[in-house]
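These notes concern the structure reproduced below.
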Amino acid sequence: MIVVMKPGAGKEHVQHVVELVQEFGLKEHVIYGTDRTVVACLGDKRMADKGAIENAPMVERIVPILAPFKRASLEVKKERTQVEIGPNKFSMGGRQVGIIAGPCSVESRDQILRTAEAVKEAGCIGLRGGAFKPRTSPYSFQGMGEEGLKILAEARDQTGLAIVTEVVGVEQVDLCAHYADVLQIGARNMQHFPLLEAVGRIDKPVLLKRGMSAHLDEFLLAAEYIMNEGNDQVILCERGVRTFERYVRNTLPLAIVPELNNLTHLPVVVDPSHGTGHAHLVPAMCRAAVAVGADGVMLECHPDPEHAASDGAQSITPEGLKSMMATLKRIAEAIGRTL
Amino acid sequence: MIVVMKPGAGKEHVQHVVELVQEFGLKEHVIYGTDRTVVACLGDKRMADKGAIENAPMVERIVPILAPFKRASLEVKKERTQVEIGPNKFSMGGRQVGIIAGPCSVESRDQILRTAEAVKEAGCIGLRGGAFKPRTSPYSFQGMGEEGLKILAEARDQTGLAIVTEVVGVEQVDLCAHYADVLQIGARNMQHFPLLEAVGRIDKPVLLKRGMSAHLDEFLLAAEYIMNEGNDQVILCERGVRTFERYVRNTLPLAIVPELNNLTHLPVVVDPSHGTGHAHLVPAMCRAAVAVGADGVMLECHPDPEHAASDGAQSITPEGLKSMMATLKRIAEAIGRTL
Amino acid sequence: MIVVMKPGAGKEHVQHVVELVQEFGLKEHVIYGTDRTVVACLGDKRMADKGAIENAPMVERIVPILAPFKRASLEVKKERTQVEIGPNKFSMGGRQVGIIAGPCSVESRDQILRTAEAVKEAGCIGLRGGAFKPRTSPYSFQGMGEEGLKILAEARDQTGLAIVTEVVGVEQVDLCAHYADVLQIGARNMQHFPLLEAVGRIDKPVLLKRGMSAHLDEFLLAAEYIMNEGNDQVILCERGVRTFERYVRNTLPLAIVPELNNLTHLPVVVDPSHGTGHAHLVPAMCRAAVAVGADGVMLECHPDPEHAASDGAQSITPEGLKSMMATLKRIAEAIGRTL
Amino acid sequence: MIVVMKPGAGKEHVQHVVELVQEFGLKEHVIYGTDRTVVACLGDKRMADKGAIENAPMVERIVPILAPFKRASLEVKKERTQVEIGPNKFSMGGRQVGIIAGPCSVESRDQILRTAEAVKEAGCIGLRGGAFKPRTSPYSFQGMGEEGLKILAEARDQTGLAIVTEVVGVEQVDLCAHYADVLQIGARNMQHFPLLEAVGRIDKPVLLKRGMSAHLDEFLLAAEYIMNEGNDQVILCERGVRTFERYVRNTLPLAIVPELNNLTHLPVVVDPSHGTGHAHLVPAMCRAAVAVGADGVMLECHPDPEHAASDGAQSITPEGLKSMMATLKRIAEAIGRTL
C-alpha cells in the first residue's frame, strides 16, 4: 500500500500517517518527492480497511499494491487447477475445451431428455438447466424445484453428461448437491456471501459467475470465499457485463480470459448466451470464446425457443448447436487444444 | 408489447407471430408500414417471457409498452406511501425530510452510544449501523452479530432514533426484525429473491437499496417481490451506480429521485456516502439530495473515521454532520419541506 | 510515478527498470517489500508515455502520482478564477450563481428575441443558442449559420444577456468570436485538439463541455490545451455521462462539482438539459446543481418545445423557467450565495 | 415511430398528438389498448427531432421503429461492400482476412522501414502509423507531421503494404490523402462532423473508428456522413469502449462484429491494441477477432516498445507478431476464410 500525501502536507501530517500505518502492523518508508510525499507501507496484511487512512488530514489517496485475494492467486499456487466434473470426470482446465449446453429452465421431462440427447450427440460434455430460477419479476416462472433436479439426474444417467444447475439459496445447497454435478452460483448471487460459504463447505465443483458489474478483485474474492471454506473446485464463468451498449443484453468482455489466466490458476468458462442476449450473436461469440482461450463454453439451447419458459431470445436450437460444434473443434485445434 | 418485423417479412411470418401472440392470450393488431410491419399486442399479461417471440423467423425485436411492476406503480396506487419508522413514528415520505446517520459497522457499545447521541443532537431521525456485514473479502471484519443488534436497540431506547440495520440472509430476518426498526436490503442483495420474500413476510419497514447496476424496472420489481408477500412498507434507496468514473467509488445519479416519483408511490432515500465513497464529497451531495427532492438521506458518520472497522474513507465526523444539518434544513425549507 | 514489479522479479529486472527511469530524467528509489518490489520515481516530467515502461520485463503496472495537468490545477494557482462574461461583465465563479438559458438551435429571429426577453425577465444572465449544430444524423437540421449569430447578437443588444454559442470547427472560431460572448466547445469536441488550440488563441471566454465518457484528467487536459495557448478564461461544464441507465439520455454525476473544486481553480457550470434528456427531470436537477455548489446552470428553454427543431424533449418553457427561478434563488441563499 | 401515451390520456391529448404527427408528414394509426393508447406513425421521414413530440401533454415516450441510417444499411444495399486498399488492391471485406500492423506514431525513418519489413514478412497487408497524433495532453509528443507521411509512403514503395494513417483535422485531409492509402478517423473524432464531410469528398478509403461510448446508430450515422458526401469506401473499426472495467484500458465488445454484419454492408475491422491497452492481452484478442468474423485486424507493433513515443504499453514486438500470425491463419481457415 502506498499513501500519497496532498501537496503542502507538513511533517506532522506525515508523522500522523506513519503512526496509523504502524498501528496496522505495517512498516513505513517515507519518500519525499519534489511535489508530493508518499508513504510506502511494507508488510502483507491485505486488510480491507486501510482505506480509513484516506480520512487522515492531508492524505490524497491510497494506492493498494498487493492483490487482495490469496488462495485463488497464481502467485500462491503456480500450477493450473483442473476441476473434474460429471460421471466421465471431464477435466475443466485441461487441454480439451468443454462445451456445456441446455435450456435456461427445466420445463418438462421430455424437453430435458430430448435436449440432453441432442447436446450429447453434438459433442458437449455437460448439460445445463435450472430447477430453481432467480427471476427478475415475481410473476415469472420460478422453476420446477426438486422435480426438475430429478429430471436432470435422469438425463445424466442416460447420457453421461455432467449436470450444471444453479443454486439460489443456502437452503437448497444440499438438495442441489445431491442431484447435480456442478453447482452454479449466478451473477446476481456472486456476492451472496452466506451462499458462497455454504457451497464452500460441500465437496462438489462450483461454477461461479461474475456479477454483471463486478471488478476482477471482487470476482476473485468471491471465489476466495468458497475456497476459504475448503472447496478448491471452483470454475470461473464470465457471462457479460452491463454497459451503455443497447444492441446486446450484456457486453461480453473476452479479454478477461487471458487476464484471469495471468491472475489465477482456476479454469475459466464463457457464457455467450447471457453474454449477448440474442441467439443470432451466440455462434460467433462461441467461436471467439474458444479462440481467446476459454477452458469451456456454456450456452443455452432449447428444442423450441419460441415456447421457452425463460430466455427464449438467447437460446439456439439443437440443429444450430450441432452445426456450430464442428467449427469450434477446428478453432480449438488451431490453438493447440481439442474439443 | 409491440413486435417489430424485419424488412422483407412475408405474410406467413406475420401470421406465425400472430399465432404466438394469441397463444399468450393477447389480441393482435397488425400495422403494415412502408418499411416495416409491426404487430401491436393488446391485453395486460406482463408476462416476462414474451421475449421468446424474438426468436420467431423474421422478427427484429420486441418493444414492451407496459411497465412490468404493478404494486409499486403510481398508476395502480395514486397516493404517495408514507412509511412510519421508529419509536417516534417518523413518516418517511411526508413533508419532513428524514436524515439517518451512523457508522458502517457496530464496533462497540461506546462507539454506538456516543454516535447515537451526536446523531440525535444534530437533528437526525434514524441511526444506521451494521451488525452483520457483507464484506467483499472473507478476511475483512464481518460484524458483531446479535451483540451488535442489542447495542443498537439500547441506543434506540436512549435516543428515540429509528434503528436501520442490514440483513444479509434469510436466517437473520427474524433476529434483525426483533431488534431493529427498519431492515435494510443491501445493494448486493437487491436480487437475492428468497431474502426479498422473507422480509416481505414480516411487519417491519424495509429499506431496499438499488443494485449497483440495476435498471429501474429491476429495482421496482425487487420492491414488488417484497410487496407481493404482503409488506407494503418499502423505502427505496439510491446508493450510486458503477460507471467508468474513477474519482468516486460510485456515481450518484440524482435524477432517479424525480423519475421514481413519476413511476412509484414509494418514498425515496439517497445515500451519498456509498454514492461517492469519499467523505469530502458527502456534504455537497447531501445538499443536492435534499434539493432534488429526496424524502430522506442516509449517510455514514463515525466518531473516529481513521480507525473505523469499515468504510472509514466515506464517513464524516459528528462535527461535520452537525455543521451540515443547518444548511440541509435551509435547503429543505427552500423547496417547501422541513427537516 | 511508481513502478510495481511482478512477484519474482529479479535484480536484473529491477536494474533494467531503473535504467529506463533514468533515461526519462527521473531519479529512482527502489523499495524491496515482502511480496513486491516497487520503484518510486522522483521528478516532475509529467511525460505521457512513461507507460512504455509497462512493457519492460517483469513490470506489473505503473501508478502515476502527479496529476498530468498544470495550468488548470489548484496546486499551481491557488485563487479561484472568475470569468467575466457578456456586456454586463457577469463574474462566473463569483458568489452569484449564473443561470444561462435558451433554445438548442437558433430557428428564427422571433423565436430568439421572444426567448431572450423571457430569459432576461426570469433573472438569467446568459442566453444560449446554436447557430452551427453538430448533429448525429446528416439528415437533421444543421443550424442557421452566420444568420443565426446575428440574431443572437441582436438579442444581446436588446437584453444585455451574455451570448453562449457552440463552435464546431476551426474555421468558425473567428466568426463565432465576432458575434458571441462565450464560445462553447461541445461534448463531442472535447478532444478535438486543433479546435481547442484555436479557441486558446482568441480573447473570449470558452465554455468547455466534458465529453460523455471523459475521465477528469482528460477533461482538465482539454482545458489545459486551451490555457496552454494563452486563454485562461475557461469555464468547465458537466453535461452528463453515458452509462447503462435508460430512463435518462445521460447520467448527471453532480459529485464532479465538489471534486473539480478540489482539483482546479476554474469555474464549473452544470447542464441538466443534456444531463437528463427529459424536460420533466430538468427543474429538480437544476435545484440539485445549485445546492451542490455549481457556479452556474445552463439549460434549454424553448417557447414551443413541441415544434423545436432540435432537443425539444429536453427543453422547458419560459413559464417553467420562471417558476423554477424563485426556488433556485432560495437554494442559492441557503448555501450562502446569491442568484 | 410509435408514440406511447400515459395512462389516463384523454381523447384531446391523443388528438393533439395526431395533429403533431400529421404536421411531420406522417400518417397516424391510433390503437386503444387496455392500459395504454399508442399512436403508430407511418411513413419514412427518419427525421431526428420527432422527439419533440415527447413534450406534448400526456405523452410517455417515443419508440423509433426505423433505423436512422440509410446508405450504410444492409436493407438498402444488399451486397457486402469490399474496399480495395493499397498498391496491391487488397479487398477488405472479401474472403481473406487482412492484418494491419505498425507503431502508434511515426518516430523515425529507420523505425518505420524496419517495422514495415517485419510487418510485411509476417504476412500483413497494411502498415499503420500516425504522423499527426491527437494526444490527451498538450505536453505529449504530437507527431512528425508531413515528414512522417513521407516516411510512410517510402515504406509502401518498398513493401507494397497499404498505408493507414490518422487525419485529425479538415486542414490535413488533402495532405494525408496525398501520401496514404487509407485515412483513419480516430475514436475521438467519430462525431467531428466537418472532418467526416471532408473525407467524404475525397476518393480514398476511410477507416472509421467507433467512438469510445458511441451507440451503434451513432457509429453508422457517422459512416453515413462520409457516404452522404459521395465516398462509399468506408471501413468500420471497433477499438473498444469505456466501461467500469479497470484491468483493461478499454473493453473490446466483439459481439459488435456479427451485429454490424446484420445491419450494414460495410467491412468491419477490430483493433485489439486500443481494445485492451495491454500488450499481453493483444494476441488472444486478435485470435478472438478473427474467430468472431472480423474482416480485418489492426494492431500496434513496435520494434522497441519500451522506448515508443506513444502507446508503448499496448504494442507487441515484430517477433510477437510473427509468432501470432500462424495461429491467426489457422483460425481463419477454421471458419472458411484465408489470411
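Miscellaneous remarks
Chains: A, B, C and D, in written order; residue numbering restarts at 1 for each.
Note that contacts are C-beta pairs under 8 Å (C-beta built on N, C-alpha and C of every residue); 3 or more make two chains touch, one makes a residue touch a chain.
Every value quoted in this text rests on a predicted model; they were computed, and no experiment measured them.
Simply put, of A-C and B-C, more C-beta pairs touch at B-C. Spacing of subunit A relative to subunit C, judged by their CA centroids, is 38 angstrom.
Separating the centre of subunit A from that of subunit B, both taken as means of CA atoms, is a distance of 26 Å.
In this assembly, the C-alpha centroid of subunit B lies 31 Å from the C-alpha centroid of subunit C. The multi-chain contact residues of subunit D, meaning those touching 2 or more other chains, are 213, 242-244. Viewed as a contact network, the protein chains are fully connected, with every chain touching every other. Those residues of subunit A whose C-beta lies close enough to touch subunit D in the complex are 213, 215-216, 241, 243-248, 251-259, 262, 275-276, 280-281, 284-285, 287-293, 327, 330-331, 333-335. In the complex of the two chains, the subunit C residues touching subunit D come out as 20, 23, 46-49, 51-56, 62, 68-69, 134-141, 168-171, 188-189, 191-194, 212-213, 217-218, 221, 224-225, 228, 242, 278-279, 305-313, 315.
Against subunit C, the residues of subunit A that register as touching in their complex are 2, 4, 7, 29, 31, 33-36, 38, 40, 42-44, 63, 65-66, 75, 242-244.
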